[in-house]
Amino acid sequence: MFADYSWGELLSIFAMQGFAGLILFSVFVLMALGLAIIFGQMGVINMAHGEFMILGAYVTYLVSRLFETYMPALFGIYFFIAMALAFVVAGALGMVVEWTLIRRLYKRPLDTLLATWGLSLILQQLFRSVFGPREVGVTIPQWMMGSLPLTDTIEVPINGLFVMVLAMSISAAIYVLMFRSRWGLQVRAVVANRTMADAVGINTERTDRLTFGIGCGVAGVAGAAFTMIGSTGPTSGQLYIVDTFLVVVFGGAGSLIGTIASAFSISQAQSILEFFLSGSMAKVLTLLAVVGILMVRPQGLFALKLRK
Amino acid sequence: ALSASLFLPKGLRAQDFPTAAVNTTGLAVTDTEVTVGILHSVTGTMSISETGSVQAEKLAIEQINKMGGVLGRQIKFVQEDGASDWPTFAEKARKLLVDNKVASVMGCWTSASRKAVLPVFEQYNGMLYYPTFYEGLEQSPNVIYTGQEATQQIIAGLDWVTKTKGAKSFYLLGSDYIWPRTSNKIARKHIEKLGLEVVGEEYYPLGHTQFNSVINKIKLKKPDVIYAIVVGGSNVAFYKQLKAAGIDMTKEKPLLLTISVTEDEILGIGGENIDGAYACMKYFQSLDNPNNVDFVKAFKEMYGNDIVIGDVTQAAYLGPWLWKAAVEKAGSFDIDKIKEASPGIELPTAPEGYVKVHENHHLWSKTRVGHAQADGQYKVVFETSDLVEPDPFPEGYQ
Amino acid sequence: MLDIAELRSAYGESEILHGMSMSVPKGQIVAIMGRNGMGKTTLMKTLMGIVPTKSGSIRVGDKDVTAMKPHERVASGIAYVPQGRMIFSAMTVQENVETGLTVTGEKTVPPDIYELFPVLLEMKNRRGGNLSGGQQQQLAIARALASKPKALLLDEPTEGIQPSIIREMARTLRRIRDERGLTIIVSEQVLSFALDVADRVMVIENGEIVHDAPREGIDEAKIARFLSV
Amino acid sequence: MATGRDGRFLNRTEMLGAAALALLVFVLLPLALDPFRLNLFGKYLTYAFVAVGLVLCWGAGGILSLGQGIFFGLGGYALAMFLKLEASTPEATAIQSTPGIPDFMDWNQITALPGWWQPFHSLTFTIIAVVAVPVIFAFIIGTAMFRRRVGGVYFSIITQAIAAILTILIIGQQGYTGGVNGITDLRTLNGWDIRTDEAKTVLYFVNGALLFGCLALAQFVRRSKLGRILIAMRDREDRVRFSGYDVASFKIFVFCLGAAFAAIGGAMFTLQVGFMSPSFVGIVPSIEMVIFCAVGGRNSILGAVWGTLLVNWAKTTFSEGFPELWQFGMGALFIAVVLVFPDGLAGLWKQHVEPLFARLKPRPSAPQPAE
Amino acid sequence: MSAAMSDSKDAFILTVEDLTVSFDGFKAVNGLNFYVEPNECRVIIGPNGAGKTTVLDLICGRTKATGGSVQFKGQELLKMREDQIVHAGVGRKFQNPSVYEDLTVFENLEISYPRGYSVFGALAFRRDQAVRDRIAEIAEIIFLQNHLQEKAAYLSHGQKQWLEIGMLLIQDPELLMLDEPVAGMSVAERVKTAELLNRIIADRSVIVIEHDMKFVEDIATRVTVLHQGKLLAEGSMAHVQADPKVIEVYLGH
């Protein structure tokens, strides 16, 4: 498969694909971060995670239409407002869902899978009823379009760069929140043992609600970012869900660093393979490798070593 | 509508066609009504594409009813949801034929759904009006294909880019299923026949959203034409990423030619992201002829000003009209008579212009090339002078 | 300090505490003794709010905590060391102790806690779940003390602890009590420890207090009779 | 749950439940429904095979597979391959460039039948393959996972990934598999036209009989010591290991058994619906099958069948009545099951119907479980 | 210890030599040697965190050793899987009572009955008279003869501990290892448990970990003291109790 290319070409292929992989990496990280909190930390198997992302995307769409219609002058910055709003809206819905649904299921983690699957059906239908079954287009501000040429073959898409910066900053923020803040300490205590956390003075209900809300909010931000590169339709969320879970599990469910490492290795593998194989085969091989590695290391790439 | 039918000229009134005579096989036909089925996905991934078809079919039915219906009978429809799931399509098709005894069905979008319902229509002797451009290699007496088969859509477009744009090398890509693969196979054969070069061919799973790799390959191979048959939501990702990667389609090279992006898809992609691409199909909303002006007006009156109309939507609109014409020609709702009557039917009022049903149950139609504009519409830059003959089993392209 | 009146609590249908009353003054250490299944743990959990109160009242100082959630009770000054320790196993020793700081708002673990349990300082970066049983018990006590309680509930704290530490624990608890004026309720199976630590011994049987006496001049034989059979 | 405390194969309520189900499947439905609706219920019953397998794996063994579609699909495809070959006689496919091979191969420029398709000319081979291929596949997955002690949610997500892989492969290798379209237009089984109403009715009864066979087998497994070991394993895997059992081999066994049930269901699906497509292999159908099981009550073998019938019947009814809104109904149903009836229909039966019986003990009337 | 060493190794049922395990560099068990004779009740004591539980984990295959050897009747256990170790004749009780709460006492014991270990063996397993008799016999020993049809979930803490011991007894292991069997038991239950142990020691060897010195005194033939993963002292109860090092690190003054 290398024979078709000259050495110079191969070099730039690896550079370009590496970069494409970085964008894919950022996409994976964005998808997975919210789930790393909700599933990795709280243990809730949130099958509606994709729908929370799409909710963020629809919010972005609405905001873009609003700016286009009423504030065209400020259109260049609408995206930041959209992102903040996506966080708030998805987070608020997350909190409502936690309050009505999830909090009754902490003792039955597998049941969260079924309940959130039902939720995802309802959300999809809601999107369809409100926004119509067709995909909606989000106009990207001019400054985010186009690319910066590095060499004559390697160009860096600006929106890709933006997604990357976004992914990195959110990861950093979540890391600090979960592992360097008092709040993160409480979250982890609640997750470890809800009754006991309550008995050492932690308001577990509030912590749960906030945690779930933040996880959903991050999903919303991811959805906002995806409007730049992906499609927004009622069922688009489903496309992401398996990949997202796999990224989190492959990293080691409890580990944020693991999530990032896993997103990185999966994206790079897929990106490089895609160049030499068909898109389908690249995906199959990547998934197979992930499954294979998980069989050898069932606890994921980065797992806590705890005695049983 | 009923009172109107009293004043209809003889030959269009229900009483001129006693039910016992026009319906010898127990279809859902009464003295005043005839029931047809609408079978599309209104949920699941395909609802994005199929919504337009449902709208068009309902519009046609309403217009026909206003004109007095079919053989004086008002058309009633039963709508079923295929839910983007092929077995569900088959189940609902059986339900429509067996339970509802519908006189015809307007339905399906993907080839997979058509393949799933085909045996059902043949077994229960139903009539399906299928609106989508598709891969060909099929010819069922129980189906009228109102969209184009692959050679009709492809060959004229390729001839046009090679002649007027001087294209020499092509990069083929598409979603991974039968229509894009078959279409690209035909395209490749034709390109090679013309003595030109295919420099790459790629397929991605339905729903794929990461096209950076193929874009990199395209940059490396520098083809004159990117020939793209990406379908559904993947389109959005593909064109946004293409644009972000600095491939400017408004420039002469590489030029992008697609057969899968209608105005409907542009709605999701965003006009600014596909500005400058060329599409090759039989219908564009911007077609300037009186039929189409009326059609677009009626469509917008019914569904609002923001609505757009794509190739498949128009083809779906033809379904009820072609069926009506066949029934009237046969003077009967019986399926066997309609099958027999269908070839040769002409529809001068089609928005795309005059069309005619071929012996092989496909339509003769013109093929056009549209140039995508930033406002989400296509400007027609080429149209075949004659109707293109449908050829579902093309010699030399298999 | 801790006043319990007519306390009833139940798991679903089955009532375990049948109207229990007691009053523990500030600075007193009470040992609750009783055979297995007599309701010691249930009493602790009811005081903590983990098992709901059916009727009756619980007061800490002059605050009625009966209607409060567990974390609110912690804020009102109760702290709890459960039977079976229940430390947060994936978190480090230090983080475990820090969870106790939630209600005090302090940023760092007060050094006197590590002075009480030097092994915890040594292991402060080890995961709680990797500690040995006895180490976990010490951690659980430290975590409870971190919330600066007025009343400390210990459910069989000597379970799985080596003899020297048990002895020391008695001394430590008395010292904490002396230094902080803490009220302590400790449930226990082993009489010797109870006598070491407590100012007052109560015996619980079938959810009721059947014996209540100050340690001075206690009738060991009588208590032993309650505990056997 | 019932684990054979009294040593009998079926206790009283189970007997009543089984009789009620048999009455419904073999008498009431065939009498009440036209061939089209009966065929629909036949299709639902094919999913029940999967749900029953899930009761063993998940309800009893605690192994939640989100990839049962893999086995349903493999079983279905195996039979579809046979039927497709039978339908692809040179005469029937004369129009193709290569007559005598399945139409989709021809569309994909394949000019000779691939070697691995050849054995599917034989019905005997096919019948063996219907069960053997999925079971071997399950054995490989099970061995790889359970020997490595992959469990819980990890197992679920990995099976989901495998379902995704298989779907992509089937779709990507369309020349050999029919791709997204699936294998369609199946006509006869050894010359017997399976498309007629009579054939469909016969198949419905065959399907019902097979299902009761699987139910009996499942009941036998649960009643055996193996059934109790599964429950023990679900609750305290370590203890089972230290009681001298090789836990992995037990898990592999139920997983394979669940796969075999699913495969039989898949093959019956192919026969009754007349085609097989990758939309039955993927993640969505796999999760739906788990939901059928949960709605029925994950611990109850009979409940799984009732659950499957209920959900599918509801889905068809909602979607016919409200084509654009039925997903709300389905979503609400799933949430309700989890929140309000965590033990599903079987739980409702236990809570509300059985006490009734207890009161009416002297003369038990005809049972009518919730449906 | 020196006396034990001088015997031929065949005289021991269990030989632990140079056993070491390290967790991320921390040596929880460090070059440990000790030997268990047939029909002895060996009690292991030692400070919290000394490595007692870890030693049992290593012997029964729950934790993989970093180095050393554990020989049971001449078989190397370190290379065997948990269930194989059980089949070899080693039974292990966990620190927290570990029974199948969803099953009855009878079923708990039945599952542990040493027949039908394989998948198909379990399918073919029949509850015959031999099984019933044996279960009845064991139930009597563990004071649960009147609770056979009760769900294990409803037993008291102490009863669960006994049930778990019963589940081991029914397998008739030659070496029984118990981790803090009387933790959480009332005084009366402790006495009964000691009585139970003394009864079953007759035809097997037992290793017990315990912190209750009164109980240790009641059951021990010999006592091994661990400290920081190493052997600190070994001998009779009286001998060990008098050892100043043991007093220093464990018993206290």
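Per-chain numbering from 1; labels A, B, C, D and E assigned in written order.
We take it that a contact is a pair of C-beta atoms (placed from the backbone, for glycine too) under 8 Å apart; a residue touches a chain by one contact, two chains touch by 3 or more.
The UniProt protein names, listed by chain, are A = Urea ABC transporter permease subunit UrtB; C = Urea ABC transporter ATP-binding subunit UrtE; D = Urea ABC transporter permease subunit UrtC; E = Urea ABC transporter ATP-binding protein UrtD.
What you see is a predicted model, and the numbers here were worked out from it, not measured in a lab.
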{"item": "Length of the shortest touching-chain route, subunit A through to subunit D", "value": "1"}
{"item": "Chain separated most widely from subunit C, comparing mean CA positions", "value": "B"}
{"item": "Winner on C-beta contact pairs when B-D is weighed against A-C", "value": "B-D"}
{"item": "Most distant chain from subunit E, judged by the mean position of its C-alpha atoms", "value": "B"}
{"item": "Averaged-CA centre spacing for the pair subunit E and subunit C, given as whole angstrom", "value": "31"}
{"item": "Distance from the mean Cα position of subunit E to that of subunit D, given in whole angstrom", "value": "45"}
{"item": "Euclidean distance of C-alpha centroids - subunit A vs subunit B, Å", "value": "36"}
{"item": "Separation of subunit A from subunit E, taking each centre as the mean of its C-alpha atoms, in whole Å", "value": "49"}
{"item": "In subunit E, residues with contacts to at least two other chains", "value": "23, 62"}
{"item": "Where subunit D touches two or more other chains at once, by residue number", "value": "168, 171-172, 238, 324, 327"}
{"item": "Sequence positions of subunit A contacting 2 or more other chains", "value": "124-125, 128, 238, 278, 280, 283, 305, 307-308"}
{"item": "Sites on subunit A touched by subunit D in the complex", "value": "43, 45, 47, 101, 104-105, 108-111, 113-115, 117-122, 124-125, 128-129, 238, 241-242, 245-246, 249, 253, 278, 280-281, 283-284, 287-288, 290-291, 294-296, 298, 308"}
{"item": "Subunit C to subunit A touching residues, read off their complex", "value": "48-50, 69-71, 74-75, 79-80, 82, 86, 88-91, 95, 98-103, 127, 129-130, 143-144, 147"}
{"item": "Subunit C to subunit E touching residues, read off their complex", "value": "35-37, 83-84, 119, 130-135, 137-138, 156, 159-165, 167-168, 189-191, 224, 227-229"}
{"item": "Partner subunit D, residues of subunit B touching it in the complex", "value": "42-43, 79-81, 83, 85-87, 90-91, 94-95, 98-99, 110-112, 115-116, 118-119, 123, 135, 137, 176-178, 181-182, 185, 203, 205-206, 393, 398"}
{"item": "Partner subunit D, residues of subunit E touching it in the complex", "value": "60, 62, 81-83, 86-87, 91-92, 94, 98-104, 107, 110-112, 114, 116-119, 122-125, 127, 149, 167, 171"}
